[in-house]
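Following this line, the structures themselves.
What follows is a pair of complexes built around chain A, which joins chain B in one and chain C in the other.
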Partner chain A sequence: MREMMARTLTFGLSGVRGFPVQVEVFSTGGMPGMEIIGLPDASVRESRERVNAAILNSGKEMPPRRITINLAPADMRKEGPSFDLPIAVGLLAANMQIFPRADLDLKKTVLFGELSLDGQIHPVNGALAIVISASEQGLTDVILPAENAMEAACIQGMNIFPAHSLTEVIEHIEGKRIIPPQEQLDYETLKAQRIPSTDLSQVKGQQSARRALEVAAAGGHNMLMIGAPGSGKTMLARSLPGILPPLSFSESLETTRIFSIAGKLTPGSGLMVERPFCAPHHSASVASMVGGGSNASPGEVSLAHNGVLFLDELPEFSRAALEALRQPLEDGVVTVSRVRRQAQYQSSFMLIAGMNPCPCGYYGSRQRECRCTPVEIRRYLDQVSGPLLDRIDIQVEVDTVPVQEIRASKPAESSAQVAERVALARRIQQERYRQTPFHCNAQLDNAGIRQYCRLSPDAESLLNLAVERMNLSMRAYHRVIKVARTIADLQQEEKIGTAEIAEAIQYRELDQKYWRG
Partner chain B sequence: MIGISREAILNWIAGAGLSPDQMRELLREEEPESVWERFQKTGVLIPEKKLAVRSEKALRAGADGKVIAANRERIERLGIRAVTCSDSQYPARLRDLPDAPAVLFYQGNPEVLKNSTVSIVGSRSAGYKGLEATRRIAENLSRAGITVISGLAYGIDAAAHQGCLKGGSPTVAVLGCGLDQEYPAENAPLRRRMIEAGGLVISEHPLGDKPLGWHFPWRNRIVSGLGDCLVLMEARIRSGSMTTVQHALNQGKDVFVYPGEADSPRCEGNHQLLREGAIYFTTAEDLMEDMGWLDKLPDVGHNNESSAQSGAQLSAAERLVMNQLDKGELGFEQLCDRTNLPAAMLSATISMLQIRGLIRLLPGKRYESVTEKQ
Partner chain C sequence: MKKATYETGLEGEDIAEQYLVNLGFRTIEKRHREKTGEIDLIMEEGKTLVFVEVKARFSEGRAGEGLRSVTPSKQKKITRTATLYLMKHGWLRRDIRFDVIEVRADGVTHIPNAFQPGGMIF
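For the complex of A and B:
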């Protein structure tokens, strides 16, 4: 019996990076059987059965021969069902069941997709990551599951062939019927269609919190909202993505890639245009926050990359989960290490936290009597003290709006109006920090503050007076200056004056420790 | 017998858990030293009297040489002194009470009880208005040289002590546990400050007595007993403060009740008492007048200058805000609504006024004008 050999090309995933995988199929005489080698995990090893059935159901044969399938490089772990399609095509080629047309090189066509027993092709996670990696390797032709096509449609210079079944792939490879390539999608047209999910005009009253949100968005400052249950903290946080500048193309690629790997992308949807909003519950574990699992998959901080991470009931989060936020807050990336895997995910997000003023939530409320003892309140507040609080520039108290005021209040500004001012302030910052590692005011370190945040003499003496009279800490001192810088940018002022400093002082609610006496 | 201090002996007797009557009788007839001597010789505390088994046990355990020495050392380290009801230094106000404590342990300066005194009591979970009022009244009483007595608990008690300290007079705390216990832990710094300022901390409990729930209503008779009159700031109907009022009435003291918020459940007790004929008052001056301490009343008339003077230097926005706040406290949203200032400008204005001390932040992002009171 003759020995026969075929090769196809696909990609495996390690973190957000794809790596090329050669699928080598060797067919020889001997005891009939099929073996997959090259560090496959269980889902790859099972592809044997799916491929077998899919081939038979596509009108082809599986001759009784001894078959070895090697996934090279053999030292990288392969996971997931996306290897089904390249294995099936390799098998068919090695058994002389298909004959690729002359102008198609199987070694240069990227194949991936999960097969069902009847030969249909199912979508897989991480399609965007694979296509980006393929494009980086100089490859242009990709055959992928039809439902993943939209994700890949925005990558320039690629020929994307969306396939619904193995039969279609076979006919395409043999040249009998070419799959119509996916139309290129322009990111700008996608962007034009975006509708913010929660509009700021739906938030009634809350003048101070709205303003604080605008300042936070303009400077990329993390923010803490303190208020009784039902005062509208979640609503405010949800409208933040709508007032931030829209995702740029490269930001969208980064974020969509992470969503694609995590399998969080709605099937059939394209690149994300809206900034992500992640609101993990306060029972979240460390692994779900920063990423983990045996395959080191991304966590909430990475899913919120270029978007908003909202932690409601901040003191209820486990200390470990909050501690784990420090690296991503500091560096904008998070490294997930597991025994077999290490992956690095981008995770630069705006942190918006919400908390009650006391355990029962009604301290200082006019609606209801608070029934907490001073010790309980102290203990509750101490849950969030320390390094995390250090990274939060804006702290603001959110007042409950009584029902009658909600009905009577005049129409509020919409997200679009606020977004315009925010975009302008962001542009000023981009201009200012062109040659520096900073992107926005929130990232300034102490040296940066000295260089870029010039205070007028009046403003400086006012700030010193405030530190003395209102017991502001030195830590608060620098935060106030940074926030004042953003307020000045919103006003398109070069210098920081007294009005900016005075407003910024109001965003240090926790420092005015009135509830501790 | 050398090495046994009088305080250590009294601590030993107090630890036996005798009834107050028994203890008073014993200490009225005999010096503690002779009681101790007899016990050492015969093992009997009170001749021809059978004590409860528990008391006998406690006495034997407490008489152990090591225990006595350790307690003596602790007593000296903490600077604790003791007086019995037959001593001349025993507080005169307590002497004639039917349930007067037989022994009082104290830290600090007992001379302060020679001043005029006012006992201030109220809820541990009081509203900020009640706390503010307590501080203000205690401070003004203290300015007039009156000593404030309270129980060192959270809330009103702590506010009363703080106010008194601020006014410059010494203040007195009566505890419901041994003097070696730091209870409530939160108020330990306050207790230290009180002692440093020449104040006094008193308890009828021996060392090691824990702050058990039933100690406090019983302790309250001493709080009311040490004051020339009793002030109630905030109390629910079923509360420890109301038991103090009961003690004060039994002792024949005047009870002054601060009105408090009319519709708050925290002040239900106040209003019940006022209906029953307690004395209504809102300021320290009211109280001093009613108590006949006219010589202590300060000269009035030099307080109301700041408002008018600083008014001249206010900007237009600041005047707008002040005009609203002069009518009463307001939340940020209401201020925003009534002044029609944009949120950014209002924030800045509020900061300016806060820094200049003209307004003050209250819980719940509400503000009040500082010049409104006093």
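For the complex of A and C:
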């Protein structure tokens, strides 16, 4: 007949942020039953049945009492099965089935995890986001599903207790058997173990495209590759993450957090080291590109945050999907708004696009004759809008390499060799932009260009000539300078000379050839 | 000759009561009637008030058949009756429980805490 109250602590998710949720369990006599309140969604309400079975299967009782479970704050929507564990522990405490040891405060121990009917604990999405938010709130103790432990292992100053079952959690809380805490991992050791998935040495020939890729990687520039089918566009794009510097610790936290929320993280894996490479199919919708769905989940542009977004067959993408890229390309963040939810996700990525020069794919090729009419080609190319094209700094032609040439060619440079030069150029940029919000040349604004991109007088006049001849827009003009800055950084030159400007202009020529010809 | 259904019920209730008393339950009331229906047995186990629904099946059916016949709508009816009973006694905060007992020719099956009414019932 006694009335009992217990509280446990967990976190809910809203976008990439976690917010603390108090699980209040009130147990009283009266008509037996269990009610969960505090804006739970269907999966949280179902937790009642899972928790019931899990408690019975852990050798504990569920006395028939009137139980009210409140998830506070009551105005925030609670989603997902991660509330199972805190609810179960709260129930046990409110029904005097467990007695926490003296030095453990349930109100300061973060609990989350999905329960199976037999009392096992399953991994949940967003574990990293929860642990980061807990750490920001000054909390240190977290009991979480064992399979999520690696994600959290790199966060400093946390006591992470990986649990496999409800029984383990009960024994831990009662002090009968403490769960051995997760060993803290150093991000640098993780970084040392990385292996690039596609190595540049597999790309034969293609000297100019390889060079363009290196420049793009060094300055974080967007790139468009135009070429016949089978010319190696995809291979080139896939080897890009391998020549980019590995994610820094803070970048890795940002990217892994988004992956964790989207449920795209391989179970049991830790922080991501390699930059993400996202290659959505060209049937992708706007929502899958920028994020959406009823719970405003992140889209491809956010999954590619700090990495590469590769759009193969660019003109085949829907116009709406391509135009939706403009804002994230410009701002590096997207705000996804839905009726019930609004979420902001970072989306700072390198856009790499591949396309054929015409519908049949062989316009201008050495290999085969093109059989498209000028009107067909026009229509195909027009799928890619001017404003989008304007945001792509580097455009290159990739032509098919004849088989004989591939056989004869000597082994190409490996990713590791190129990565070294890229890393050096990136270090120069980091040094230069230490006091600024920029990370790489591609992010410079006009004021930044004036300050950091000094052109030699010869280079200046060459650029002016090109602007006149090629009828470049103001944006294109600035982009040429930014690319030239990167080329100079690769050469470790402080000043931008004619050679750098000439090469940068060359990466703009396709624009003329295809779209204005 | 086949026994009347009513008599079967009465006989079942007596067997069930005896069974529970042997387990240490105390009988409070038998066949308690409210306008919403009847509760076969009201017992007390320790401090917990137990409402018992008895299903007697002497001849037909297999084991468990009687237990399954306590459908959600029947549960609701029992719950309503129990609430009226509790209100009369001013016992809204007492620990209570709903049990179901199946009485067959070959034995008795007792399900303690057979169902929980859940949230609001009225």
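One rule holds for everything that comes next: the second predicted complex is superposed on the first by the 500 of 517 C-alpha atoms of A that agree within 3 Å, B and C clash if a C-alpha of one lies under 4 Å from a C-alpha of the other, contacts with A are read in each partner's own complex, and residues count from 1 in each chain.
Please note the rule applied: a residue touches a chain if its C-beta (ideal position, glycine included) is under 8 Å from a C-beta of that chain, and two chains touch if they have at least 3 such contacts.
Just so it is clear, the model here is predicted, and its values are computed rather than measured.
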Quick check on the superposed pair: does A:F438 touch chain B, chain C, both, or neither? Answer first, second, both or neither.
neither
Of the two partner chains, chain B (first) and chain C (second), which one does A:E397 touch, if any: first, second, both, or neither?
first
Have a look at where A:F310 lands relative to chain B and chain C in the superposition and call it first, second, both or neither.
neither
Which superposed partner A:A466 touches (first chain B, second chain C, both, neither):
first
Using the touch criterion from the header, give the chain among chain B and chain C with more contacted residues in chain A.
B
So, does A:T28 touch the first partner chain B, the second partner chain C, both, or neither?
second
By the touch definition above, which chain A residues appear in both interfaces, chain B in one complex and chain C in the other?
none
Chain A touches which residues of chain B in the complex?
124-125, 128, 154-155, 184, 186, 264-266, 331-333, 336, 342-352, 354-355, 357, 361-366
Quick check on the complex: what are the chain C residues that touch chain A?
47, 79, 82-83, 92-98, 113, 116-119, 121
Which of the residues in chain A end up touching chain B in this complex?
205-208, 210-211, 357, 363-366, 369-375, 378, 397, 399, 401, 405, 462, 465-466, 469-470, 487, 498-503, 505-507, 509, 512, 514-515
Contact footprint of chain C on chain A as seen in their complex
1, 3, 28-35, 63-65
